[in-house]
Each structure stands twice: as structure tokens, then as C-alpha cells.
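I have placed the structure first, in the form of C-alpha cells, so that the comments after it can refer back to it.
First chain written, first letter: the chains are A, B, C and D, and each begins at residue 1.
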């Protein structure tokens, strides 16, 4: 058995105190690992130093922003990934990449365990541990906050007693998780789902009700991946960062919903995801132009399944991986441009075009020059209606 | 064989001329039937008189507005009925009720055939004929525009020659179908899906980009049916009419999409449905509060199926009817209030509450007084992850 | 708090010893409840007396055979309920009815807890506790074998020490659960899924490889429910009992499979269900004759979902109940007769007929007198193929 | 415009006469193309000569047996392809490969049209034409039997008048389509679905009710493909041929069902597919051993969709192709051996094993040495049941 544990470290109170707790409870050396998934805020080196100051034997910082965009956000765009048709899976996407680096760091640094700072009421504990189970099934997962039933008060007390370098002068009323794909906010008064959100809780999005000029942009997709904005080539990460700015300035991407957690309870959640909502809207509409009807209809069902699996922490599961293979195959022709008007909190598609378009002007036009052979419709309808017709005869005979 | 045919009559050029065409082509007497499904515009009595003037042997006018709201729109609300996640099935809902009255009128007035004015390129021909097949399988369906390959020019010529009382002084550039649930607009320049819509095409919705004060309303649902607005009891029809006014004034409910028609082609469609989008948004969120997770997840799949069936003209099919039974059963507890802010083209839910809520504050709160037993999570996650863990061991052994 | 617990009592070693264990561990009086679901074997009064002799303060015996057939087996027939396409849900159907009586008895006799004798590795613990949670959410569930980690050896020791009246002279090598719907057998050598079953493990079915005369029967269904066999009216229970005899004598209904347990592991299972396999086969084929294509196709998906929910212990869940409503609605016309040849381990359908048949001889015949209008097919195929044709043009242009 | 048409030629009466009809009706030269998909019967060179004698300008014979097995049957095995859970898609699999060679031959020999001998009542016309539409969208499809409403009597008359070399001395009462994957039989008395099949109609299978010794075989699969039988390496074609012999001799693979045709009618069908039923049974059970639960459950839904698409003639459609990609991905670990006992019309799996097995003896065993941590179950069940428990409280409060 190794005597090391790798902790997913955020720099905040809970995981800072967690370093000491883990050491006390397990006797293991604690390696702190912090990942940059575009959450911004603090400098990563400051976070690293704090981990050491809090007692970590080693502290690792990883810039995973491009990988996060390429390997986690891009699949979500291809899948039009919205849980319950609304939530763009902000935290659900970041947990698997953090888990991947926890497992990798544990292997590299000779740890036999990983740890995270989640409570036992949420989805993230499942996402961390299920991902680790699928990547490194022999690693042990430790969740001190949950398993030792630690509370905020106990954490503050511990930090004070051990003189930990944690600036906790005034407690923010908001509990936040954020990354480049979006932001989740929780706070006491929002626990009543009848209470409306207030402007103060938002940081990625401006107030959509303030009058301002609309912004019009054109997003280019290549096989489902955003590759240019207004004609300028971008990486996926750059696309997301730029759209957060442009769409966020127009108040696009606010979500307020009652959500079904994997652990069986309903919760009220408020999110911001300006780039997420914009990109998924645009991508889905480009699919409407370039994917065949039956494939598109089926893909919408697969997308619902995909979003639920990702929400439920099964990113690395066999089913999720095979669904990704299906989804990737559907993206062969999803290339083209979508024009989006950002305004008043909305990302409205106003145009779409593609060299791989299945829209056939000659078939679709009602003009006399159209090529659709209308006489075929009669036979089609007869056979299309035949099951209904036959059963209508039966039903009427039965009831008559 | 009877010598009568009942024609679905709109009062417009095509069906006015259709009266004569039908007579010429079949030798049958033509009964004109016009239905009020809230399309507004012309006085129904004027339409009736015009039918007679155009040669109909009888002309029937039916006010089906409440029935349309109760028996067609309400099921669509319960089903959160959006084809391709966007289109609230405006015309798709009205065709079955018209077909029902075609069949009923044919029976009452001794006709052996029904007729409609659809072309062979669209969905509505299928919706009419499939509905009639399911209701009166022995009626013959005639589609003069389609089957005789009639064009607008021929219609104008015929109308002039026979001196039909049709005001066709200036041709509107728009082809419109509308009812109380919404409005569909087609016109030449929109056939290029890259062209943006212009303000001129909209009549149910004001320009959402004009600065104005937001409107806040509270919608009450009882078992999935809208029953009050701002505390004042309404019928479904009244709810739709009032919300068209309130949400339309805020520009809510515009839809611009590439659509997959049943006849196998893609078309670009622009719709307005202020009440539709508002009610479906609100209803779906109330379901999030009151329906169990697994049932809600499954219902979302059923909804997609339902919308496709209705879009595809199978309103009266066996599958559609059994899905309705399922959906109705899910609405037992979908009662409560949803607060909606109408502004800038959006209907944003800002609160929801219900005596039948499944949201349990004591379970959901992170406060120390919460009742969720966090220690259960550990066992849950272990078993939840077990299939991934077992297959990870297998996969690694296989690859190793 | 009450001081009573109701134990699901089988009369076997584990639950007999469980009476004492429960008393020791909880201090509560133990009420033993045994249910007759057609498992045969011991006399129910003997079981009752044994419970009292083992220390139960009360012992209740319930004959639930008809209710089990009417309310649990009949829905399974209507749903063609086969988990993984094979397992007729033998134990999965009996657990909810036992749980229902546990909850009811607890209420009647003033207990605040229920108990069962399941281990922690199987599905039945989930089925019991999830059913109780859905029926009596405030009852506590106790599982002494699992939670106290009790083993067979400890049970034997306890029984000897307390002189419990348990005939355990020679240990059967088989662990069996059975009821009127079938029988599940587990035993050590079958834990290797490569080992073939031996004749000795079967009791509901004769060796199918022994030459014998075939048995031919006709089963009548009325709205999905078996109501007569060979023209003689039967209750559902009588149908099952009679078919167990007739089909079992021909070796029908043996199942040998690797099964995915809810708790995340695979297990090898051997079942017998002569009536189950016969009735489901016959019922499904009658549906082929009487249910419209699209409804039938959709119902097959619903059936898979239904079987998984029931297997997973969610009999009383909201989704399962709404699926039942859907399934019931599909059975309106599933009335008629199916002729089955029982022989060599197979229940082969050789004929089916119904007054509600959708089979239309005049349409289906290739004879010259047939009424199918073949000319419609051309238009149908053109439109049916149009999406493929349009995308083929696109694909070839793209690749070209 | 070209003046050639390629006809799918079987050597039988209809397509022999069709050569002349096509010439008469279209003025085009007729190229006859016959494909060997393992239908056996006549020598292919005899068929070729007959085509020429009947007036074909060219006659092409193609041995497609291995391609048929590798590219059409193998995907069906991987998909456990059974329409309505029973029909192994015998004709549905051969039509696309014939269509592919029709399109290819047309291109090579400069034809602008293809032709087939199907009537307008069946599925095969759709399968041919939809496949051609997806492969060569600009080819014209001609169906003389259907479009000219030709009958058998007219064909006989034409053959006599033109002295065509067709041995039609005694008319077989059976209409048969067969290939190496199976055989479909139609005949007048079977059009009444209450009539039982008679032994005389079967040729691939011996009477299963005749007593004989069982045959036991072991089938090896490698990533879903049958690669050895009883340890001897085989190609897919060899596997199918050998299993037809072995399983056919035991009467395995007879199917008698009422089927839902794509053209909207129900028909009664009788099939034989000894290798098909044996291979699908064995393959599916090997999946039970080697595929994770959630992936397996989802794949079963995909399989139903796959079978319907193939049945409905959409082999080359976008959705079918993307489903194949999904299915292929699931087969990575479906390698191992399945032992099958062939007897009395049944192919019974008696053992399965795999180096990639997910069956974990140590977890599954009830022995005291097992490694399953039963204490986790309690937490799992609590959270698994929580939605039911919460809604039970709500429901009871509402009803109370």
C-alpha cells in the first residue's frame, strides 16, 4: 500500500482544510492537484503555493483548458448536450477531466488513493468516483467532507486553529462552480424555487433587459466543430472564450430550472453559459440543414441519453463511449455557417448555409419551376394511411 | 355512390376556384365547409356567402375554437409538443379537427367524398387524408390542386372567366396559415435559408428588439391544463388568446428553422406562436417540479415521438392515441403556478410552486438542518460505478 | 416508535433464525408473515406454526395466489415481460406483492418496520425495499442477513443452540425461489457459466429430449388476458396452473442465461417457466394479428423498459405505473385464439385468429381477386426513398 | 439517355418474360444480371444462358456469396437482427446487395435504368428501389410486373407465344425466396393465419418432432463475427453453410408469424433459417457475458431500430449506417465461445466463456470467499428508492 493520496484542490476553504483532514484521517501524504479548466479567478501559482502552505507534500497545477475544450466541450456541442433540455452540463463536463488527471497523477506520483471535496448530496461526488472507477479501478476514493460529515463551521475552526492562509474575511453568500463552459450558482434564497434570481448572482452575463445594440456573428462549423467566427479561424477554446464575451454581453445563456439530481432529489439550479447556449443552438440548426430526417430524429433521442449519462457521471462508461462513436459518425457533413443575432438574452439563428446542405431549393420551392413530382404524393398517402384505415374499419366494426 | 363532395373551404382563391373545378372534374355537388379555429381575419358569414356565390350547393360554417383549444391544443401542452424541439405544430394541430368535421359533414349531408386545397409537396395533404382514413375509412379524398396539377395562374384565369367574387386586387407576397395556436408564413425570399426574416412578415408578435417594460404573469395549471392567469380563471381558449396578446406584445414566440417534411424534403419555415411557446415553457418547468425523475426522462422521449406522429399526420392513429393515454396519466400531479417574465422575445420562468411539488426543501438544502443522509452516497456510488469498474479491469487486462 | 417488525417469512432456515436475530438486534417483537404465491411445497399452516415456535409474537399466512395472478402476472403477460428478452421476471413479480402485504400488515398490526431475509448481492433486497418505500415511505426496512453479515453456518449454529424446529438433516445443494409463474435455481457448479445445467435441477419441466407425443392447445385471450384454454373458461391463475402442467410435461420454459443484476454484477441464472413462456409467446403473436404496426413497434420498446423497471425493483414507481396505463390501452383489441403446439421444449404457435384481426385477406392475397392497389406503391417508394436519394446526391458531390 | 436497362434476373418465369416485356415497353436493350447469394438450386451458367435465350443483350452472373456473408449477414449477426423479434431478415438482407450490383452493372455497361420483378404489394420493391436511390440516385427504376399490372397467366401466355425456354411443366404451389441466410415460403393455404404449416413446405429444416440424437457444437466468435466451429476456423460463409446443415438437420430455425409489411398490411409468413437462429442466439448470449449492462440494454433498443430499418428497405440510409458504426463499436470485446445443443427444433445455449468476460466469479459467488461488499447495498437502495419514496409521500398527502 502506498502512503499517498492525490486531492482535487480548488484553493478554497474546504479543500485547503481537507489537506490536513486527509492527513489526520488516513496518515497519508497529501498531493494537491489543481486544474485550470478556464474557471478564471485566482492565479494558479497562488493556488499551488497555498496547497503547500496548507501541508501538501506536493502541489501540481495543470493547464487543461485546450484539452477541456477539445475533448469534453466539443463532444457536448456535437451531442447538443443539454440535460433536461436546458442545462449545458457545465460541472458535469469538468469532473471527468479532473478525474482523469487525478488518476494520472496518482499513477505518476505513486499514490493509491484520490480525494475530492464534494458533499454527499450532489452529483459531483458520483462523477468523480465513477470516472476514477472507469479509469483506474484499483484506486481508492476518499471524500472527507462527506465521509467525515465535515461542515463549514468545522472547516473555519480548523483553518483558524492551524493558521491556514485562507482569506475568509467575508463569506460570499454564493456557492459557485465555474469553468470556461459556464457557471453554476447556489445560494440560500434560491433554494425556494418560487424566488426569482437577482442580477447580483450573475457574472458571465450582463442584464438582458438593458437596451443595447444587437450583435450579429457568423459561426463556422467543420464536421460539428466550431472552427471560425466571423470568418476568423478559432480553436474550440478560442470560440468558447470569444462567445462567452460576445453572447455574455447580451445576456445570453441564463438558465433557471428545477433539476433532477442523480441522488434522487430535486434541486433548483441557476446557470450561465453564454457560449454554450449559443454554440448548441447554432450547431443544432446546422444539423437541421445537413443531416437526413431519420438520422436527425434518432440523434435527438441519442442526445437525451448522452446528456443523462454525462449528468449521471458515466462519461467513461461503455455506453457513453459507443454513443460518442455514433454521434461522431453523424457529424461527417455538419459543416457550414450559421448567422446568429445575439440580443436581449437570446441567440437567434437568422441564417444557415452549407456546401453539404440537404436543402434542395428546386424541390422545396412552390414556384412553377420546382422539380418535386406532386403526383407521387397520392400513392404515398394511401400507403402511409393504410394501417390507420384498416384499423379504423376494425374498430368501427367492433364498436358497431 | 353519392354525388356530393365536402370541401374544406378557406375563402381564399384556391378553394374558391376549387368549388368549380371539383364540380367540373367529378360531376358532384360541392358542399363548402369552413371552420373557425381562431384564424381571425375574415368574417365567417362572408366566407360562407362567397362559397355559395362560387357555386357551392351548401356552405357550412363551424365555430370550433373551444373544441380546438380543449381537444387539440391542450394535449399539445401536456405533451410539450414541439416538432424538432422548436415547432409548436400550429397547422399540424388544426388539420385533424378540420378532417373530423369534413368526415362528420360528409356523413350528415350524404357525401361520399371530401376535398382539400393542398398541394402535393407539403404535410397538410397527408394530415387531412390520413385523418379522414382513420375516421371514415370509406370516404374518398380528392385534392384538385395536387391531382389536377393546378397552378395559381390557372386559378386566377378560372376566377376571372367565371366572374368569381374574389378580391385578388394585389397579391400578398406571403402564403400564410394561421389559427389561435400560431401562424406559419412562407414567401419567396425565405426559401433561401440564409436570408434573415424581416419584420414585415410577423403579425402575432411585435419586434422583440424594441425596448419596453417587461410583463410578468403567473400561469396556473391544473393537471397539466392552464386554468388561470394572474389568478383569474380562464378556459384553455381564453388562456391562449390572452397569452397571444401579452406574449406577442413582447415579441415572444418567433421560430425560424429548417424543417424535415414528411414528404422527404427540407424546407425553411418561419412561425409565430406567442401563447404556444409561453405555455409549453411554463408547463414543462412545472413538470420538472412535480414529476418524478424517471417518469420525466421517459416522458421527454414520448414527447418527441408524439410530436413526430402529429407532424406526420397520424393524430388519430392507434399509437398516437395510446401515447395520449400515457401522457394524461403523467399529468395527475402537474398542478401549480409558474411565474413568467415576458420580455425581449423571451418567456423566462422565474418561479414555480405547487402543492404537489416533489422538491423537498429539507432534503435539498445544504444547511446543517437538512435531512439528506449523506452516508448513503458511498454505497450508492460503489454500486453505481461497479459495471464501469468491472469492465475497466477487463479492458485494461485485454489491452495490457 | 413501535416495538414491532413484520418479517417476510418463508419457513426456511434463514428467516426462521431471522426471527431471533431480529429480536436480539432490535429488541422488537417479530411478526412473521408468509404469503402463498403458488410456490407449493410446504403446507402454509405448518409454516405458520414454525414461525411461532421460532419466537414470532404473531404469525400471519396470506393466500395471495389469485391476486398474484390477476395483478402481477397478467400485467406481465400484457407487457410480454421478459428481462433481457428471456427471463419472465419470476421473483421480480412476487417481491412487490409480498412488499405490499408487509406494508399492510405493519399498518394493521402496529409495526414501524419490516424485514426480509435477502443478502446484499441480489436484486430482491432492492425489490422489497423500493416497493416498501413507494407504498409506506415511513416504514423502516431491516435486512438482518445482509446488515449483520450473517452466514449459513451462523444460522445453523443459532438454530441448533436455540433448538429451533428446522429440518436441516441433509442440505439441498440448490438455492431455489419459486412461485406459480416459475422457478429460479442457483447452485455452486452453475456459477461457472460454461457448465451446462443437469436434469436434476429442474422440477417444473420434464426432460424435453425424451420422445413423446406433442400436445396441442388453444388459448383464448380477451383484451390481453388468458380467459380460456381449449374452449374452457379459466381464471388467470387456473390458466397458469394448467399450462405449467401441460407445457412443463413437454419440457417447455427452461431458460439458461447470463443476467445483468441491478447491483452491477453479472450472474448466471437458470429458470423454469412453462406457463410463462407459453403465454407470452401466444400473447405476443396475437398482438401481431391485432395491433397496428406502429403501435406494435413502439410497444416492443415500452416492453423492454417495463421489464427493466420491474427487474430493477420499481414496480410501484411512477414510470412503471404510467407504462401500465399505456400497455393496458394497447390491449383493447387483443382478443382471439392462438393454437400452440407444445413439444420438445418448445411452444410453437401454429395458428391465430381474432374477430378483431387486422389481417385483411383481400389485401394480403396475391390472388387476382385481391384489392390492394399496387399502383400506389410507386409514389410511396419515391417519397419513402427521397431523403436517401437527396443525401446520396450530396454525399457523392462531396466525395467527388 | 441510354438505351439499356439492367434487370435483376432470377431465371424464373416472371423475370424471363420480363426481358421481353421491358424491351417492348421501353425500347431499351435488356441486360440480365443474376447473383448467387447462396440460393442454390439451378446452375448459374444455365440461368445465364436462359437470359440470353429470352432476349437479353447481355447476361451477367455474379458470385456474391462471400460478400453477402461478410457484409450483410455479419452485420445482422452483430445486430442480432430479428424483425418483430423473430424474422432474421432473409430477403431483406439480399435485396441491398442485389441493388448494389444492379447499380454497379448499370454504370459499367452504360445503362440508365434498372428493373426488378417485384409486385406492388410487398417489401422487396421498396428494398430494391430505396437501395438504388441511395447508391445511384440518378438511375431510373422499372418494375414491369407491378407497373404493367402483369399476372402469372399473362406471363405464361407470353412465354408460350414467344417460345421461351421455361420449364413450367408443373406449377409448384409454393412461392419461395431463398438464400444462404434462409428461406421464405408463401402459398395459398398459409394465407389463412389459422392454418398450420405442413411438413412439405420446408426444405432447409428436417421435422423437429422426429426423435434423433442431439448435436452439440461450440461456436467461436471474434469481435462479434463467427470464426470457428468446434475449434475449426471458418469464414462467415462457411459458418452459415455448416450451421444450416447441422441445425437444419435438427429442425432448428422454423418461424411462423404474422408480419407487418412496410406497405401497411399484415401478412402471414413462414421462414426457415437454421444458421440464422443458431448464430443470433449464440451471439446474443455471448454479448450477455461480455457487454456492460447499460450498453447491452441500450443496444437491444438499437437492434430493434436496426431491424426495422433493414426490413423497411433503408439498408444504405444515413441512420442505418450510423447505427452500424455504433453496433460495431459494441463488438470490441464480443469474443469467446458458446456451446449450443441443437435438438428438437431448438438451439439451446448450454455454456459460454470468454477471455473478455465481465462475469466475475469472485463477485457473483454466494460463497463466503466472495468479494462483493454487501454493506454498500443499503446506501444504494436508499438512494435508488428515494424518488419513489418522495413521490409516495406527496401522493399520500394529496390523496389523504
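The definition used in the following text is that contacts are C-beta pairs under 8 Å (C-beta built on N, C-alpha and C of every residue); 3 or more make two chains touch, one makes a residue touch a chain.
Chain identities (UniProt): A, B, C, D = Argininosuccinate synthase.
Predicted model only: the values in this text are computed from it and were never measured.
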{"item": "Path length in steps (a step moves to a chain that is touched) from chain A (Argininosuccinate synthase) to chain D (Argininosuccinate synthase)", "value": "1"}
{"item": "Counterpart interface for B-D, drawn from A-C, C-D or A-D and sharing over half of its contact pairs", "value": "A-C"}
{"item": "Chain A (Argininosuccinate synthase)-chain B (Argininosuccinate synthase) separation of Cα centroids, rounded to whole Å", "value": "31"}
{"item": "Centre-of-Cα separation between chain C (Argininosuccinate synthase) and chain B (Argininosuccinate synthase), whole angstrom", "value": "41"}
{"item": "Multi-partner residues of chain B (Argininosuccinate synthase) (at least 2 other chains)", "value": "260, 263-265, 292-294, 314, 317-318, 357-358, 360, 363, 373, 375-378, 380, 383-388, 390-391"}
{"item": "Category of the chain touch graph - line, ring, star, complete, other", "value": "complete"}
{"item": "Residues of chain A (Argininosuccinate synthase) touching chain D (Argininosuccinate synthase) in the complex", "value": "260, 263-265, 291-292, 294-295, 298-299, 305, 309, 314, 317-319, 321-323, 325-326, 329-330, 383-387, 390"}
{"item": "Partner chain B (Argininosuccinate synthase), residues of chain A (Argininosuccinate synthase) touching it in the complex", "value": "84-85, 119-121, 125-126, 129-130, 133-137, 141, 143, 146-147, 149, 151, 153, 175, 186, 188, 191-197, 208-209, 211, 214, 254, 256-260, 262-268, 284-285, 288-289, 293, 296-297, 300-301, 304, 308, 313-314, 316-318, 339, 341, 343-346, 348-353, 357-361, 363-368, 370, 372-378, 380-381, 384-393, 396"}
{"item": "Residues on chain B (Argininosuccinate synthase) engaged by chain D (Argininosuccinate synthase) in the complex (per definition of touch)", "value": "292-294, 333, 355-358, 360, 363, 373, 375-380, 382-384, 387-388, 390-391, 394-395, 398"}
